[in-house]
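Before anything else, here's the structure in question.
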């Protein structure tokens, strides 16, 4: 059967290598062939989609656990392993990455300036993302994590928009400051664990002493949390997103922010269950503040991308809350939310990107009545907004359902607060939609054409994913559970 | 797919519910350009649904036990969300009603919306609405019900805000969504508590469990109250009733659809759906009763003060919903449901009629319509009168029977206040509905008519060119509904048998009430009710109907009251103010400032501080050779100190 | 009194004087001389230690010889650099040379 | 006799020095020829050192120790010299008539540092140290028509001479309290006599001399001026070759004292933290790239010290690996600077504007080099930091590591400013195009490959460094 053959074939490394190969190929293409560059990167992105789908489909849910394992010694003296594997938690993440990359490439199809460098850097970024998601060795997780961060600087600073240099510098420094907490955390765990293996699961089996777990967990939580937009450390996200070009915002908000949450789950919570128990209260508190806070601040924004930035803060808060509950449903919901928020935000940014490319403004007061001239383009944003509001039969609804149920169970007050904030989020999403797309015809935008099919395709794909998993949540939920259930029982 | 055909009932249920969804997808993706085709697809799908509904109704009419199908929609160790169909008398009846109304409205819309630029979009939303509503009606579990309840809210948001160029329309849509969302939060929390407390949300299960007192009382009360918040939101009960009148911004057929049988009725339907559960908590019932009463009275007063055709019916809808909630709250399961049924009929009728007027005269002002010869439109005129009669609960129209039923229930209640409130409500209802009728039917040539023209922007561009078929496309549904309104009342007995037969618990409850209702007291009540209605009618006649009638209500004599009623008891202003001060002015600006100044400021401050420190430190590296040497020697000195101390 | 300590004190004084000179003389030649003083102090130390409490006799003297040689070389290099600088700035005052800073 | 084989690499460089000496006697100067000779000879020198890698033994009455440790560092020094020679093709900074002397002094300095790496006796250390310093003293002022940089030479000389004098004074005390001049025995004896002030004074002063070479705070003061004031090539040489020697010396000296005395370790910790923080803070505000790199080198000395002060074999190994990494990254940056400013002037950051257009290859090399210095994976710089911090955490110095990482983030800021200049800024005026000859192209590609591969496949190199560290502790 398929998975048997696949199990022997190092498909994960292939996915990872394909991006690096893409990087090299793109760098070898001469400067004056931008079209070719785009085609090549689209091709490799499609390859990534196919491969990750293959992995996802042939992942054996009943068997569960780690599959497609590749593990061999990399550095002998301090015990670094090349250890990639897939379980229910990162399988959806791989698809998410592939899809967002694919749609991102399509979204940037009209890029003119320094095309080659752009796509090269984007592939570097994505290589890092893939690496983090599929690695099970602390060293590699960290390496790929940083690899996925530093290309953000040139990507934003060169191709960005409003206050790009400030935004780029702020984002890069802020996130790498986060990794400045992660590395000591990882090394600390490693050193306490005897200093001869970076293998995540071996360290987990060792079971570290409680006080170590507390210190290590808070470092890992804060470190990864910065990237996950945990409340007081979220201010990079709106600034960075506003500055970044469309595809970068898509990948960054859609995938990169998930790296943070994923890191908390995969590294922090796996290695330091007791530390988690010790800090869970704080996590829940920060997450709840983030949810409410993000929604309220979103109300006041006048820049479309700022609005999305703060909505991400709010939604990532939901992820954090789910993780903090330490229950099966909570973590299911958190992972599910990572996925659907990724798709949703990608949709948001690509829709805004199109509008911005055409109207050259993303200030809500200047826009208005766009639905008259570009109904389809607006429809994409509106659909994303509904998903953000948590309308049922959109994938994010299920995630929020799961998270809220377990949150109310574990932290009643905070859970109820979070649920109530749904009204505010609805208010601000609909407010943006109304101010931007409704209202009388705006002759300023009369001349603007609606989205051509080629550019509509990526958005259509994203919408399709949202609705599909909204209608058939089990297709993803069962996979996630297959990893979460044993995980929670191990806590 | 074979299993579908093995079980025709299931097949019918699936087709009936999912066909509109498919229709929506097809329209949105493929046939947006082609308006006629879109309309055709949508109508075909809804007609099919109607047929399925009828089929199910007839097939399961005598099947005593409810039929239930389930598949696991989402499943985790702690949470099980089934998707399926629960076909018991109540849901079947509602299914039938919804399908019928939706079908009629869509046919009617062919005429009403003809030539509108967004024709296809309109029908896509209609199908979406139909799908959500139908699936909600026959949901077997509260979670599924909640999910599609939300979708109904979404669809109504889209439909109300259909004329998105109009600020008021989009505003109204937003308001409807957010306000109902407010209620839904309570609903959602109630469900969560119930699930955490009891662990199952299957409608039948919780009904039996609550009736059998297997759920702890406090939990029942709390969750029932919270769930009732959902009813308050959806069915526009006090204090969340203000969104409904605004929702008249949508096209009239939409109002007919939303405010007669479907969206707003969903609240009452949900309440009656888990009636035994509510019944298990007297406190919750009392709250429901009180809120229903307040709502009914407030809405009636508001209805007296407006001159907008649709507004009047909107307020009447609110008050009738309040009336239903009263019925349910007083323990009259059948009474509430029956009034829901009849109300669906005549309210849709009323809206569609006024739609015809509006479509004809491009205005909502009843006085203008009257003077421009509204009465010449025979079909709507007559049907609207019928509707009004039914609304005010006069024999032999359907409204009469259902109102009687509710009155009967109220009469049973120990506290007679509710009964009198009900009677007062009946009085006012008759008054304002006939005030309207007389305005339209027997206009006086008034010197000054404030010609406030709510004419829809779309109305102008398509006038009478396809007047003919458009008119009849609208007339047929109207006439059908009118006839239904005339006869429906006489089916009370079989309906009661059918419904309460299904609900063992409710039967005992309801039948007890009804049974006691007959006899001497019943006739007094009957007389009282009809008396009130007639009194209201007469009053309206005196003020508006008869020759040389001033045609200005008694309210003119109480300007304060009129303003109060016209301003909807300042509820809107209250919300507006609360929103501005609390949300926008308060938390939002506070958080935003905090975000800019405190949090972000701290970050930037740290960066500036670092750079500044660098600049300061760099003075250590002065150009003067010997100072540098001094630094070095001093360093060594410090190191020595470090060792010696 | 122990005569080792006298030598040590003498050497220390030489060294400190040299250091003081380096830090305080503004004249490059003077600074060079001061450095030579510091080296001298070090040499005296070596000699003294060797004379009083070394296991095998020769080491200290040898080191001192080397130091003297090196000091000579150092002086040569220093003077040449100072000369070059003098050609540039027509002065051998340190305060003239403080353009690089920060 | 057989023993001289051990000395062969050094002997080779003596011969090489002689060759350049004779060339310097010629009347007319031929820069191209000299350049060719320099490249060839230093290349062969690398070969010689590599061939001598496995040698072991002691010379000159055990004053001179040859083991894997010393040989590894000799290889590093030789490679550094070779690379610097390679980029001397446009030696505009130095008067043409002096090129021969330039190469001569360069070779002498290399030779001295190689001997320094092997020296295990106080006098030998002192002499070799002075030899290398003097040749540098002469190399630094060699800059042609050096208007504003004239003072550099004298500053360097004065500070250097003072520091060496202090060191000598300190050594004298060490000799006095331990009665021996063999470093091994000195360090063994130290813990016993550590209560005597003389011992402490001696140790501190001696350390001052060593750390001066490594430009560790507070003995760093010469570095910025010298980097800025000397010819680009010389600066590159100081930043790469002589850094290696200094590191080796410090490792050697501390490596003998494997008995970790708390005070001493604390002192080193304080020094490393100060030097990291100071270097990074001041580097933030620099405009001149070489000066910036000088401050960053101060910071890096601090990182390296973290590895050393653990006083474990792993720590020394990590320090050696870090030195290797630093050599590669730092030289990459300097090569770019030299090539961009090939008329020998001092490069300002803003002059890099639009480099990605003028020469994409150099721009990429620079970016990788700077990211490496900032410790961003997958470059070799990251792996170096990783190993150093790992060694520190093995001993439980959590706070130290956190401070180190914070500093790394801090440093990223100014590296990013340079990268921004290279990739983002529009040139304010038309800069002359960058000439990239074959040598440079191949060299920079080689450097890029090294930076990536040594970073991602560290296993080999780590085995080597661990072996070296083991040899050190033998």
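Each chain gets a letter, A, B, C and D, in the order it is written, and its residues are counted from 1.
Here is the rule we go by: a contact is a pair of C-beta atoms (placed from the backbone, for glycine too) under 8 Å apart; a residue touches a chain by one contact, two chains touch by 3 or more.
Here the structure is a predicted model, which is why all the values come from computation and not from measurement.
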Mutual neighbours - chains that touch chain B and chain C alike: D
Chain pair with more C-beta contacts, A-D versus C-D: C-D
Geometric centre: closest chain by C-alpha means: A
Chain C and chain D: spacing of chain centres that average the CA atoms, whole Å: 27
Separation of chain A from chain D, taking each centre as the mean of its C-alpha atoms, in whole Å: 42
Chain A and chain B, separation of their C-alpha mean positions in angstrom: 37
Between chain C and chain A, distance of the C-alpha-averaged centres to the nearest whole Å: 65
Sites on chain C at which at least two other chains make contact: 19, 22, 97-100, 102
Of all residues in chain A, the ones touching two or more other chains: 173
Touching two or more other chains - residues of chain D: 151, 154-155, 158, 162, 166, 224, 285, 413
Contacting chain pairs - touch in the sense defined above: A-B, A-D, B-C, B-D, C-D
Interfacial residue positions of chain C with respect to chain D in the complex: 11, 15, 18-19, 22, 28, 31-32, 35, 38-39, 41-43, 45-46, 48-49, 53-55, 59-60, 62-63, 66-67, 70, 73-74, 77-78, 81-82, 84-85, 88-89, 96-100, 102
Chain A-facing residues of chain B, complex: 72-79, 81, 143, 146-148, 150-151, 154, 157, 161, 164-165, 167, 170-171, 174, 177-178, 181-182, 185, 188-189, 192-193, 195-196, 583-584, 587-589, 591-592, 595, 599-600, 603, 607
Chain B-facing residues of chain A, complex: 170, 173-174, 232, 235, 239, 293, 296-297, 299-300, 327-329, 332, 369, 371-372, 386, 391-393, 397-398, 401-402, 404-406, 408-409, 416, 419-420, 422-424, 426-427, 430-431, 434, 437-441, 473-474, 477-478, 481, 485
In the complex with chain D, residue positions of chain A that touch it: 74-78, 117, 139, 142-144, 146-147, 150, 153-154, 157-158, 165, 169, 172-173, 176-177, 179-181, 183-184, 187-188, 190-191, 195, 215
Chain C contact footprint on chain D (complex, rising order): 122-123, 126-127, 130, 134, 137-138, 141, 146-155, 157-158, 161-162, 165-166, 168-169, 171-173, 175-176, 179-181, 224-225, 228-229, 285-286
